[in-house]
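Dropping the structures in below, format is structure tokens.
One chain, chain A, appears in both complexes that follow, with chain B as partner in the first and chain C in the second.
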Partner chain A sequence: MNKKNKLIWNVSLIVALLVLLFVLEQVMPSGSMLFTVLKKGAIYALVAVSMNLLNGFTGLFSLGQAGFMLLGAYTYAILTIPPESRASVYQYYDGGIIQFAIPVPLALIAGGLIAAGFAFLIGLPVLRLKSDYLAIATLGFAEIIRAVFQWDKLGPLTNGSNLLRSFPTFQSVLYPFIVSGICIALIVMLINSTYGRAFKAIRDDEIAAEAMGINLAHHKRLAFVISSFFAGVSGGLLAMYQTTIQASMFKSAMTYEILLIVVIGGIGSVTGSCISSFLFIACSEWWLRFLDNENFYIGSFHVPLLRAGFRKVVFAVVIMAMVLFYRQGIMGTKEFSVEALQNLFRKIFLRKSVKKAGDTHES
Partner chain B sequence: MDFVTRNLPYLMAGISVGGQYALIAIGYTMVYGILRLINFAHGDIFMAAGLILVYSATVMPMYIAIPLMIILTVLIGFIVERVAYKPLRSAPRMSIMISAIGVSYLLQNLALYVTGGLSQQYPAIPWISDTVTIFGSTTKRVTVITPVLTLVLVVLLVLLIKYTKIGMAMRAASRDFETSQLMGIKINSVVSMTFIIGTFLAAIGSALFFTNYTGVTPTVGAMPGLKAFVAAVFGGIGSIPGAVIGAFIIGICENIIKGVGLTTFSDAFTFALLIIILIIKPTGLFGEKEADKV
Partner chain C sequence: MSHEKKETDTVLKLENLTMQFGGVIAVDNVSLEVGKGEILSLIGPNGAGKTTAFNMVTGVYAPTNGAIYYKGEKIVQNTPQGRMKKLYQGENADLYAGKRVIAPTPDKITKLGIARTFQNIRLFKSQTVFENILIAKHMRRTSNLFTATFRLNAKEEAQMRQESEELLRIMELEDVRDELATSLPYGKQRHLEIARALATKPELLLLDEPAAGMNPQETLELTQFIGRIRGEFGLTIFMIEHHMDLVMEISDRIHVLDFGKSIAEGKPDEVRNDPRVIEAYLGGAQDE
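Take a look at the complex of A and B:
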């Protein structure tokens, strides 16, 4: 399949997906669980891909994602709360110090830029560290950021440990899809560029990569800053989705969830991260809900153990089994593409036809 | 004198918390020394120990409940190692760390399911939760006992590592994992023993920690766990005296910061300390120098 054909296929698939979403939104009741899953899944897909860029493609094991999402979410919220409702949001801080609001897309980008700026500063010392020290140092930074944002002296800016609310949100499920889609497309373009090849070289062998003339410090910083930028944007989207935010939401447990999404999708596969984030959100929010229902009967058999919280236990066991026995994840390092799908079909079809040919030969 | 009486409670609380962190930190440092694994689940095992005592104390007297709690906690540590870490021994380090995060997620969710998300009141352990007065400041007896008990346990542990056969095997395994296998050391039993010792100390630490604490929630283990890990890194990971000293320093600093009135930053301080030490001296105070091998 040549390049032009591939492009046409991909574009038409994306358009078909968006049309499908649009139609679904017109047809289904808006309270449906499906939309919750789709919205949250799209946001998590973006942050999972941004984490994958770092962990899967550059080999930097960072656990700071929640901190960068917090920066993005707060920047977005602080910059977009309309001035007339600031007095009620910042009721303990005399309306806060910022008295203007900027358009939503600009605020999302600003959230990404703030996260990227912090990542640059944090990266200066931290990126010199090796694998698990890097993980624990970035985790530590996320915790520090969370503590600082809850500090009451910063209240006029961050509203202390109180909720931030009444900023603009989205209604349509298309919005997070389009924003995440654009961001993920940018990440994919980066991965396929010469920078992306340098990242992969660093992942595979740092010393060999350096010997080949790749500037380690520069490329690691670049990957870290870009990944944080997109984590910041997804933080902004998460704020829009949740309609209220609070610093205490962005715990290290959030980073762990994102990491598990990346692992389930396959470390080093962008499409894997996207697929697994939808699966992860669907399982945890929707499909396993029946496990929380105490009065669940199969026929007349009262299923034991079911009660609030059981869903999460089952879910954690499944994840654990996955981590232990299916280590490469759903996609491994492969990517989902029209071409691969075509090859798969061709293989199945060819095998059948070969078999048929064999049968006729025997008879 | 006024200054002393005003600040003594913070200092004592700091020493006490430091001792509790030390007991957890030893588990981290020993596991890291041998497996090169940050056992993210260690803090959650510490939380599980707290919950086990909460539930067992309701049905049996304390002198049975405490030993039972210690035994069950050690059993959890042993099973976690066998099920979640042993199959991944030859896998890349990242997968085993992810497995540790998975175990932590599982234990937290299990605790959430069992407790129903409510904070569980920790039972008062007789004698150690009595109130005593020292230099004019009142405190629970556990504050005084913790540092003493910690030091006794650490000395015992150091003796065990120095003079027994299993201790020698541990030292060999932490020096060179593969060669020690070739020398006929049963690496699986050494690793299991490491986890047993680590969780045993964490169980004792949990009894001391929660006595000074209001209740046990599913996520209560994460913070002390992370701080104990920072203490282990600060002291030089793999070194037991280093972990203990690091834990005391962190415990004391944290409580002084609380005393000054910057409670928000007591957690942040710990991580700032970690980052500073990692940049200035990545091997920690007492860590061994490790060369990068190509």
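Take a look at the complex of A and C:
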């Protein structure tokens, strides 16, 4: 398949997806669980891909994602609350210190930039560390950020431990899809560029990469800052989705969820992260919900054990099984593409026809 | 200007180089020069400090004392510092005192035009043969993050790819272009590692035991191969090697280390007959 054909295929697939979403939105009731999953899934897909850029493609095991999302979410919220609602939101802090609002897209980008700026500063000392040590240091950073944002001395800016609300949110499911889509496309373009190749070289063998003239400190910092930028943007989107935010939401458990998505999707696969993010959100928010229902009957049989919170037990077991027996994840390091799908069909079809040919020979 | 000509004829110069780890002196006051277009082999028994000397040239270690020049320009310099001031047991302790410390990272050294291979092959495992070479082209890029992401460097990218293809052809690795680097047979992996080093467009190539683990047939091929690339790429080669057949056949000069100290230097025949070298290293080999 040539380049032009591939482009046409991909573009038409994306358009088809958007049209499908648009139609679904017109047809289905807006309270449907499907939309929750689609919206949250799209946001998590972005943050999972950004984490994959760092953990999967550059080989830097960082657990600071929740912290950078928090920075993005707060920046977004603080910059977009309309001045007229500030008095009621910041009721304990005399309406806060910021008395203006900027357009939503700008605020999302600002969220990314703030996260990236913090990543740059944190990266200076932290990126000298390797593997587990880096993970612990970044996790510590995320926890510190969360605590600092709840500090009441910063109240005029962050509203202390109180909710931030009244900022613009999105109505259509298309919004997070388009924003995430653009961001993921940017990440993919980066990964396929000469810089992406350098990142992969660092992942495969740091010493060899350095001997090939790749400046380790510079490239690691780049990957860290870019990953944090997109984590910040997704934090902004998450704020839009949640409609209210609070620093206590961004616990380390959130980072682990994202890490799980990356692992399940396949470390080093962008499409894997996207697919698994939708699956993960669908399972945790929707498909396994019935497990929380104590009065669940199949026919007249009362299913035992079910009670509030049982969903999480089952979910944990599923994930453990996944990590134990299916370590490669859904995609491994491969990518989903029209070409691969075509090859797969061709293979199945050819194998069948070869088999048939073999059968006739034998008979 | 004519008096400087000698300087530029020397590609690499190690000067009073000492490396001390704790109380152990791994390389002890070694000085040597590698001339342009020359193949200089560094030999010596196990633990003589050959790889340590290499690691100092390539910036993996900063030497404890001494200086390194590349094409007449000082690229590495250090003097015992901190705790090492008291611990230092080597010579010339005060020779570089008070002078500027120069300790570049390996990527800076590579950028100057010094490429290397490793004793235990270090290829990019998850990448194909072609990608392994393409990655080495990253260093000579002119694009930045923005232009690379948005493919504004398409021309450069195309050139990088074309040069890599060319290199594959010269190195006779075309037929395995799209195979994973680690799936190649051992000898080919060595070739690929050398090809990757050449992709950074070096003038000086450092080979760390290129024939390690090779059978006589492969060693013979490698000997011819090294001779060939020296001519084709106009290289100066500085290598560590244990296979005496290879060393004696190909080297212009040989430098011998024993317990970190230089014990001999000269043409292969001179070194072969040097009593100190025979005692330290070749004695066993000559008995065969």
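One rule holds for everything that comes next: the second predicted complex is superposed on the first by the 362 of 363 C-alpha atoms of A that agree within 3 Å, B and C clash if a C-alpha of one lies under 4 Å from a C-alpha of the other, contacts with A are read in each partner's own complex, and residues count from 1 in each chain.
Here is the rule we go by: a contact is a pair of C-beta atoms (placed from the backbone, for glycine too) under 8 Å apart; a residue touches a chain by one contact, two chains touch by 3 or more.
Note that this is a predicted model, so its numbers are computed, not measured.
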item	value
Partners on chain A (chain B, chain C) - clash or fit	fit
Chain B versus chain C as contact partner of A:Pro125, first or second or both or neither	first
First (chain B), second (chain C), both or neither touched by A:Leu106	neither
First (chain B), second (chain C), both or neither touched by A:Gly213	second
Partner chain(s) touched by A:Leu186 [first = chain B, second = chain C, both, neither]	second
Where the C-alpha centre of chain A sits as vertex, the angle toward chain B and chain C in the overlay (nearest 10 degrees)	80
Which superposed partner A:Lys200 touches (first chain B, second chain C, both, neither)	second
Touching partner for A:Val19 - first (chain B), second (chain C), both, neither	neither
Overlay on chain A, chain C to chain B nearest C-alpha distance, Å	9
Chain A positions touched by chain B in one structure and by chain C in the second	207
In the complex with chain A, residue positions of chain C that touch it	58, 60, 105-108, 110-111, 115-116, 118, 122-127, 131, 134-141, 143, 145, 148-151, 153, 157, 160, 196-197, 199-200
Residues on chain B engaged by chain A in the complex (per definition of touch)	36, 38, 83-84, 87-88, 91, 93-95, 97-99, 101-106, 108-110, 112-113, 116-117, 219, 222, 226, 229-230, 233, 264-265, 267-268, 270-272, 274-275, 278-279, 282, 294
In the complex, chain A residues that touch chain B	55, 61, 125-126, 128-129, 131-133, 135-137, 139-141, 143-144, 147-148, 150-152, 207, 251-253, 256-257, 259-260, 263, 267, 307-310, 312-313, 315-317, 319-320, 323-324, 327
Of all residues in chain A, those that touch chain C in their complex	186, 189-190, 193-195, 197-198, 200-201, 203-205, 207-217, 222, 268, 333
